[in-house]
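Chain lettering (A, B and C) follows the sequence in which the chains are written, and residue indices restart at 1 in each chain.
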């Protein structure tokens, strides 16, 4: 329980930083920063908790909202100092993804669901907050960026943890999940690691 | 309970008007009007109810759906008469926001959550229906409009109500919430009231 | 129960095909295909189950996830063979809609809700998965395509089933729902059947 709380707390803080950065790119006011920080920070875990029929984690412990709010305030007063907000957003998002995926796994294990569902919960907890941020902010969702490992990093990380949990124990397996997720995402960003994408043929008949 | 029902009913009707106006701007047919009216009208309250583990309010009382449907039909046959649909949409949305925020607060108080969570429920009930409408209709979400008080109006209104409820009683506090939310939003629309936005520096590296 | 499972299974498979086609249009990798296939395939039924306070159907029976995954893999290796992916996507979506609407109705009947709510559940189960797919993939949502019957097909299909269930029995009524939904949607696509849309006057004041 404490482990979930820690992982949730860390992912809340770092996802809230990315929400604040998205708000800074949209040039919102301080309450807009709080809104995006909170949406991004608790979005993924809330989807997970609704699906697993748990009380959303921030309703049980509203202190998570304070964590998200302080991250928003930090970004509001410091984002102009950094050189490239998109770059910071991307890397913070990678860090948050890497703690949110094991947080999702841990919560799923606590409810006794099977392996496949646990993996899904890890992926959803990791990706849904950022997806909501990007859809609401009218940015291209990270899941759509071609030639980057994003959902893939979350999926392989979650699957590694589920595979290793019986032999390593839960805590060590969750660490593996975090490490694998971050390594794949970071390697993709830094070195261009990628899976083959669907054969690029120009869509002849895109209707819009 | 009756108070929540009244506030929910009023916000359902006025939000449904805005959903109908969004459908008219997208030039949909009558069922498209019903779809957008219902999505906007019950979206925020449904999110609130799912988070609080209550039965969504329109499942318990399907008459809300009739309210939303009649608003959709009214708009379908009258929207061409008005001069500026975007302007009507914005002002109806302001009115709906001002009743939906206290409706969210009232529902939250009924489940015994703390102050911070109650404020969030007020803000979510007020903003989520319109956000769904704008995201699905491919309009710029109101929460992203620079230099307007929107989430801010909902937040300050909800916080005022939570602060005053112990001394004024719930009904008076909810009236304050509605009044403060509407005044801030209307002042922002009519007189340009605003908070300082994040320092406008052109984003040098927008990736899309 | 078995009937719901069958309908859910069929709609999962066909919606997953459309999710895979959307992923192919966005040129994602295989995990991107799995993500979009799963989102589209279980999105509508998950919304339905959360609203009805049922355990999401794929958590109870994770084999649905395997169905979605196999559809994603099929599309990943065959989508380049087809002439017009947008056209296949549209027609598969029509087929999936036609089985998902009765699946939603059936699930709603199982929980004892009234007629209006049952119709809504049918419409939501049919449309929400595709809507999530389109919003996340940055495609124009099918619900917004002018002059096509989409929500209308789902709505009339669901309403027919609800009207006929008392006399025909549930299984026959669900077949009527599937047939009516498909006929209206297919007639709209093939022959341009449509309802009158909102009087087309150019929006003079579109703010964006």
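Going forward, contacts are C-beta pairs under 8 Å (C-beta built on N, C-alpha and C of every residue); 3 or more make two chains touch, one makes a residue touch a chain.
This is a predicted model, so every value here is computed, not measured.
Two copies of one sequence, chain B and chain C, touch each other mainly through non-matching residues, since under half of the numbers at the interface are common to both.
For the pair chain A and chain B, the CA-based superposition corresponds to a rotation of 120 degrees in steps of 5. One finds 27 Å separating the Cα centroids of chain B and chain C. In chain C, the residues that touch at least two other chains are 50, 135, 140. Contact residues of chain C toward chain B in the complex are 50-53, 113-114, 116-117, 120, 123, 127, 131, 135, 140-141, 143-144, 146-147, 149, 151-152, 155, 194-201, 203-208.
Residues 23-35, 38, 46, 50, 55-56, 58-59, 62, 65-66, 76, 79-80, 84-87, 135-140 of chain A touch chain B in their complex.
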